[in-house]
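First the structure, in the form of structure tokens, and then the observations on it.
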């Protein structure tokens, strides 16, 4: 039996809520993500051109599969306003099997 | 020496803050989770019956162990208002050993 | 070719937004984390001295590397007001290679 496509929990930051929504909705429409959770705004602290910055930002959490990650990543880069957005996929260790199957089904075809 | 029970970081969505609190509190009371973090509301984008939906939702983050996951999962399904809630467990790669020991101790017995 | 230093997504809780910001900023300044995302407040449910508690808390999400985790962990414990803060590192399965390289570059030197 072929191993099931691993489910990933993907952390993506966006400039604001509108961008997070636009990206999240496109990815679900195009079946690159099964669902997108748009979190309320957060503050990002980071070094940019030698200076420590503290900027408001938004985050979205995507559920997808390993086989969908590369096209998902490429689509986010194409849609995103940042030169270098945070796109980090964490591996699902386990989960509710029905939910995992739903993620796989939503991102196939 | 027996390998330590892996600690999991579990992402669960709920219909609203009240449901997230009810589920989170029950899981901690029943030692199925060491702690539950109830996040402020988010917006979920997903396809349901062919239509893209955007609905308000809540999320809770649970810290538990691999050996507790199955009873945790079953209890969430029993308590939850959704037919198919998101329940996805991410593996702790490493952490503060005292904190990991606290999670194991809180979810045993 | 030497394997790249794995990137970690680290979940840390703090007493409040001010503590989250102070810790997050220090870690980025000292290159122990590439960036810190300060989330809006959440509610923590946990058992402490036999009682179930529900307390307001803050969370920060750190992006760092495996080789930086131990000094990051030790620095958080030194800065933190809790006796036992939640510090749990989740492994990056994959991500945008430019972003992963940026995390490694920001936390080296």
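Going in written order, the chains are labelled A, B and C, and every chain counts its residues from 1.
In this section, a contact is a pair of C-beta atoms (placed from the backbone, for glycine too) under 8 Å apart; a residue touches a chain by one contact, two chains touch by 3 or more.
Since the model is a prediction, treat every value here as computed from it, not as a measurement.
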Size of the rotation, in steps of 5 degrees, that lays the CA trace of subunit A over subunit C
120
Over half of the interface residue numbers used by both subunit A and subunit B, so same, or under half, so different?
different
Centroid spacing, where centroids are CA-atom means, of subunit A and subunit B in whole angstrom:
19
Which positions in subunit A are in touch with at least two other chains?
39-40, 90-91
Quick one: which bits of subunit A touch subunit C in the complex? Just the residue numbers, please.
6, 8, 11, 13, 39-47, 52, 54, 57, 59, 66, 69, 73, 76-77, 84-91
In the complex formed with subunit A, which residues of subunit C make contact?
7, 9, 21, 24-25, 28-29, 34-40, 61, 63, 90-96, 98-100, 102, 106
